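Each of the next two complexes has chain A plus one more chain, namely chain B in the first and chain C in the second.
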Partner chain A sequence: MKALRLKLFQETACYKKPFASKVAETYPLPPYSTVKGMIHALLRADRFIPMRLSVQGEYEAKLLDYQRHYFFKKRDVAAFPLILDGIQDESFSYDANEITTMPIYTHLLYRVDLLIHVEAEKEVLERVIHAIETGENHYSLGRWEDLVRIDEYKIVQVDELDEEKDLRYYAYIPHHLLDIDIKHIPYELPWKYEVVNGVRKWEKVNVGYVRKGTTAPEGACIDEDGELVFFHL
Partner chain B sequence: MFYAKSETKETIREHTDRLLDNWRLLKDSYGDRLIRVNERMWELLRLAIEYHDIGKANTVFQNKIRRAIQEELLETDCDANVPHNYLSVGLVPFDQFNLTKEERRLLTHAIGYHHERDKLPDKEAIRHVLESDLYVQREAIAKHMNLPLVEKLSFRFVDRLLRRYTIHDGEPFWDYVLLKGLLQRIDHAASAHLPVESDIHQNVGVYVRRYMENKSFHLNGLQRFTASHTHKNVIVIAQTGMGKTESALLWIDRDKAFFTLPLRVSINAIYERIRYQMGYEAAGLLHSTSAFYLAEREEENWEAIKQQSQQLSMKLLFTTVDQILKFPFYYRGFEKELASMANAKVVIDEIQAYDPKIAAMLIKSLEMIKKVGGRFMIMTATLPTLYLDELKRRSIIDEEDTVFGEFIDSQNHRHRIQLHDQEITEGIEDFVRMARSSQVLVIVNTVRRAMELYERLSEMASDVPVHLLHSQFTQEDRQWLERQIKEFNEAKTNGVWITTQLVEASIDIDFDYLFTEMSPLDSLFQRLGRCYRRRVIQGEQCNIHIFTQNVSGVPSVYDEHLVRESICLLKDYEGKILDERAKIELVAKLYERERLKGTSFLREFEDALSMFDHLDPYEMSKKEAQRKLRDIQTVPIIPRRIYDEIAHVIDECRRCRDWRERIHLRMEIEKKTISVHRFLAEKCVSERLSKPFDHIYIADVEYDFDREKGKGTGIRFDASLSVFY
Partner chain C sequence: MKIELRMGEWMVTMGLVGLYRVFEYGLRKGIIDPQHRQSVSIHPQGLELETEVLPQLPRAYFLYLIDEYSVAKRDGERLRHYLGQAKKENSFSTALSSIKKTITDAGKKIQKYFPDEPVEQLFETLKSVKKPEQLEQLEQCIAEFQQLLSKEAINEKLTLNYFKAAVLKSFFGQVSFLNVSNNNLDLEGHIERFQADYIIPVQYDLQFEHVFRSASTENEVLHFLDEHAEYGPFKALKRAWRKKKLPQMREEMSALYECMLFSGHVAFYNFEEMIFSPIGVSTSNAFNFNWNLQDKQPKPISSLAKLVLFFAPAGAAIYLKKEGFQEQNEYRMYAGFVQSDAAFSEILQKNNHLKQMKQQKDPFDRIVSKLVQSVTKEANYVVDHLFFLEFSSDYDSKKTHLHYYHLPLYLARYFVEYPGKLDYVHYDYREQFIQDVLRGVDPARVIYQYLRDCIENGRSHIGPYIAVRERSRIIQLKRGGKEMEKTDKRVYALYRCGQEIRKALEQAGSPKTADHYSASPSKKIIAIAYRLLNAAKAGDRKSFLDTLFRLHMSADQPISPLFLNALHERDLDFPAVANAFIAGLLSQGGQGEQEEVVS
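Let's look at the complex of A and B:
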């Protein structure tokens, strides 16, 4: 099978965990939903496009920063622009009885290298490449301010792994591939959502976060250049 | 030729065969007692044995042995030093054995960790040695071992080893404990050229019965009870003097057993009784100074006994809890001790005598023993309700497996008590007067208080003989004094002995009057047991005088709340007979959870339990676990003057080449030491001896004892050496 391989770099990144409300904790690698979001943004998609993902990578260090967070005090508040982009010249104010702000500790990953494989219809992959080649905006992965540099994009052949091979990067390995006796940290990663009664209902994927150097489990895949691939579906 | 051991020049195959012999021995002797080990598990254990040392075939290891036995070294390009236990796993042809996933993991972990190392397996180094060295010699190794080896190397097992078994693995965890623990037992026994189990057919029950018959004793209720429940866990509450030891031995009967007691001296005493009075030879002794003891006792086989005891292969082993029941710490290698419980019975005597932290450890131990299929007996004079509740709460004792008995003689009254709302010093007149015509025992809570009393009495220069016994004499003086107090008691000489709680448990004496400082009830009732031990009280006079004011050792030795509650509980018995049933009920009341609220006793107990419940396994080394357990607060010291007297012995011992002689000299030196609390020692210690005695310190303090006269206070912290010394 063919897949699009992306090598990405970020100076800093925070892939915030959804329920980390006192401290903005980050996942160690972008969850599938975040990567999926970036690709959909590249494609300017307005609906879900079917695809499979494999996420691997590493970072140099973790650091702390502050970020202003907005808190809603009531369930129903007057309209509030979620994105302030483009309105910074206009004066914007909010009702302190309804909204409050607080600086919050934010965990940042520093110097992140990512290796992403995307498997989708050929036409979709080609559109992604086109978007990368002709894009006019910067791209980000995770938070808006965490810019991403695309160091490589390449269509590669992916096959089943038959040799024994050790992981070159840290990786999310889906649960069905994992041997129970491989040491890992379990995560439940968001993948995509449906809107049910006006609320996003997330489909989750159970994965293990596995250290580099670990021997890849049976059933994994490998691309033509010898990079391991762990598709999430 | 592949060597496994340098001392014996044994090959790997020869060593492995020794293990297989032991495997057979264990299976034939205790196979049906190991209820958790089914045929499949025996087979896994056999495979683990076959392959456990195969990694020793690597050239670096072989050259290490060759150097030691002065044989020509082998040529090699591979110089990585990788522990053989990790390498062994890499050569096992798992695919040929038709194992389930879990069995594969069990085998991997049993072999991979049959030695515990400080360093984790390093995949790159393991890969290097397996590929460039062992794989190349594959055929020679297979031929030497007569075993199939792996066709194609895989290094997945290294990742598997990194995910160690924990309690959260559920039932497989206990399988792992047994598999690895039994492998280690068998391996260690084989390395020592000993059988993994000795004296299998000995039956201590037979010896006890014969001994009792010879003495024309009949089994009493307690003994009949335990003898008829040899297949159950047993909890008995019985007062001292009921023949508890015999009843425990009758319960043990034909099984392998570990007999634990809080005090080394009482362990030695019981060992002596069984070994020499009953003539039972399949008994071993294991505690921190057991070798000294055995050698001193002129036991001919003391080395063999010590070795077999350490290997836990003895049929009946007398030991302290810190030697064998510390596995709740999950130190690296804990599996061996726990696995040896699986085909054995363990007796815990006097559980109330342990401090709450250790009691928590014992409760956790019992929980784990139950999991691996061992059986236990708790026997005690008083069982704190708190402990009993915890045992029930954790389902360690249940109706199906456990029987419960209470054996108390409340017919014969031994003690009438009088409480004094005074300090013990105010009782001096009284006990001096009584000591003119009888034997008076005075027990106080601290050494300092004992010395004070002794000095005051000595100054009074009365006609009454006064003696002192506490823990801060040198080992040999203390032993001498312990003999003296027994002889004094037997000879029915009149006089006073001033002692600390030291005499509570270990010394078998029977005085006419007891004057004591208040202490928590369990301790207090033990003290009562030294007075009218074998007699019945007549008349209206009180033989027990308890002083409740300004008692020493609170809160440093005893919890204040416990002492206060104890006084309250005792008030109702003022001037009355205190019979055995009342004692047990009072202690039960004192140690109810409700009553203990807010005490350091309860806090320590609960903190310790919660620690054991949440401990990360394999974090600790065995030594650390032992250190946590022992009273690390005490250090052995030698007073300066005594040191000067024996300095030449220390030199001699260092020079001595004959190890038997060395042990003898070493004992001579240890005899001169005194165990004192670290905080006391810190004030007066000036130097530390050099190796191998670097655990002993020299203290610049006076030591006052005259063996000829039997007089002296022992160590004197208050009087430092004179400047002219």
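Let's look at the complex of A and C:
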């Protein structure tokens, strides 16, 4: 099968966990929903486009950032706080009954390298490539401010792995591929949602976060350049 | 009914550990009926809970916490400690004032809630104690006070107040019995509130799920809802389903929220600040934290998840931690937890271990060291995925400090190969050092602080040298851990250089002339150490070497080629070179033997 391989780099990133509001904790690698979100944003999609993903990567360190956050106390507020750093002599005021601020700790991953494989219809992959080549905005993965540098995009041939091979990166490996000997940290990663009663109801994927150097399990795939692939579906 | 509670996010795992501890305690103390012995069982993925035991948990919860944080025990220990000090004549007065303070503080609280107790009389006797000769009288006073404090009702009330304010407040908002309006409740009142606010909703919700699954007609469902019409969520459902048929109900059921923490359960509650304040935010005051500015139940959770989270304080190890150095420090209450990629039984065991060590006030490095040693027998992998989590949270100021301490393989190796090496480092700096290391931060900044402290207070101590050496070892291990001995030797040689220079300066002494004032050698050494330390902190190699050359010239000593590392950093980095030398410069002789002991 063919897949689009993306090699990405982020100076810092926070893939926020759903419950961590007062302190933004991060997943060690972007969950599938985040990657799916980036690709959908590239395609300017207004509905779900079927695809399969494989997410691998590593980061150098974790650090803490202390950020001022704005809290909206009402649904409709007159003012909207834009970031005005760097805009001289601009003053920004807001009604304290509508908006308040609080500093919040954010956990950040530092120097993140990512290897992502996307399998979808050929036409979809071509549109992604077109969007990358002609994009006018910056690309981000995770939060809007988590800029991403696209170091490589390439359509590769992916086949089943038939020899023994060790993981070059940390990886999310879906549960059905993991055997009992493979040590991993279990995660329930969000994938896609439907809106129920105005709230997103997520379809989750059970995966194991597996460290690099581990021998890849049976059933894994490999691309034409020898990179391992673990599709989540 | 049996339900499965799976581990997941750390707060859920923490809650499950707490639930199990409380259950175990309840069984041991006979609070939980022995017939429920099998009601909570450990599974690799978490716990299995027999819901019949639920009504017995609140009493066990409170008695567990009362036992854990007993004011009688705590104040008793403190008073015994002060009494020990009071027995030494020179520390009598300080000990006496501490004793008086402890007794007066607690005594006033007793007076408030138990006006009939003879506290005033005790105060009078205590007031009359002034001199060391009255030690016997003082002992008598303390004994009487302890007896008073140990009365069940008094201990219960004061301890309840304490853990509500000091412990539970960092986990929850003003929910249930934590609301200020419930401050006058006694133990039974607390238990009742817990039952009503946490246990009954779980029972109702689970029954509802069961009834709904097994119902063959809509009347069965409506009848059930009718029976429990006083329960808020059911009231709303009843109103909505009054005229609906079962298939319609089923359709609408699937549109009800599902619990985000324990999937498969219906969610009538929301994950927000008051339910778990360390990471939750208020729903009504932080719309933009929710997807699509949702305001009702943006993060739906079940009553079951709410209950499990309520057990989290019993699952964590609670301790006071000093943050900052010297005068700029602050004590904060922290909750600690060990999370690891392992079966639930192992996580439970590790956390029991952590709690026990924290109670013995073991320093952090020793705790890590001990925990790691029990782990390394297994595959190295496990070590890599052991991590400590601690947080300090304050509901009032809405602020949380949450730290993750991951244990990479090289650090695990360090703790296994060099256990107890940091013992000679001053407690405050050791804690900071180890936390920096666990966070992946270079602990050099701690060493700078430590050296500065030594200079300012004229302390001569082997500690800074040990800290420099251990830092080098850690860096070496990070790089692959070859030539450890050589590095050790280099650090030691630099330290010795510092000592030699100090000796030479001291021997040269100050010229004794009547006309000129000349500073004593020790003052000169302090001034030089300051200059060197400032250069080191600023990373100013040139200034450091400049001072170093002058120093060697004035002492008429040859310069070791090891100092070249300050420039090329081939064998040691600049902070290591500088700090090892300064540590030597500050250390006074007679420590050679000590060094052998700690190497």
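Quick note on the criterion: the second predicted complex is superposed on the first by the 198 of 233 C-alpha atoms of A that agree within 3 Å, B and C clash if a C-alpha of one lies under 4 Å from a C-alpha of the other, contacts with A are read in each partner's own complex, and residues count from 1 in each chain.
One rule holds for everything that comes next: contacts are C-beta pairs under 8 Å (C-beta built on N, C-alpha and C of every residue); 3 or more make two chains touch, one makes a residue touch a chain.
Note that the structure is predicted; figures quoted are calculated from it, not measured.
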Which of chain B and chain C A:196 touches, first, second, both or neither: second
Partner chain in contact with A:215 - chain B first, chain C second, else both or neither: first
Contacts of A:166 with chain B and chain C, given as first, second, both or neither: first
First (chain B), second (chain C), both or neither touched by A:183: both
Which superposed partner A:70 touches (first chain B, second chain C, both, neither): second
Greater chain A contact set [chain C / chain B]: C
Partner chain in contact with A:21 - chain B first, chain C second, else both or neither: second
Partner chain(s) touched by A:61 [first = chain B, second = chain C, both, neither]: second
Residues of chain A that lie at the interface with chain B and also at the interface with chain C: 183
Of all residues in chain B, those that touch chain A in their complex: 101, 105, 123, 154-156, 158-160, 162-163
Contacting residues of chain A [partner chain B, same complex]: 164, 166, 179-183, 213-215
Complex contact set, residues of chain A against chain C: 17-23, 25, 61-62, 70-75, 100, 102-103, 105, 107, 183-186, 188, 196-201, 204, 211
Residue ranges of chain C touching chain A (in the complex, touch as defined): 8-9, 11, 255-258, 260, 263, 271, 273, 277-281, 284-289, 291-300, 341, 379, 381-382, 384-385, 391, 393, 398-402, 404, 406, 439-440
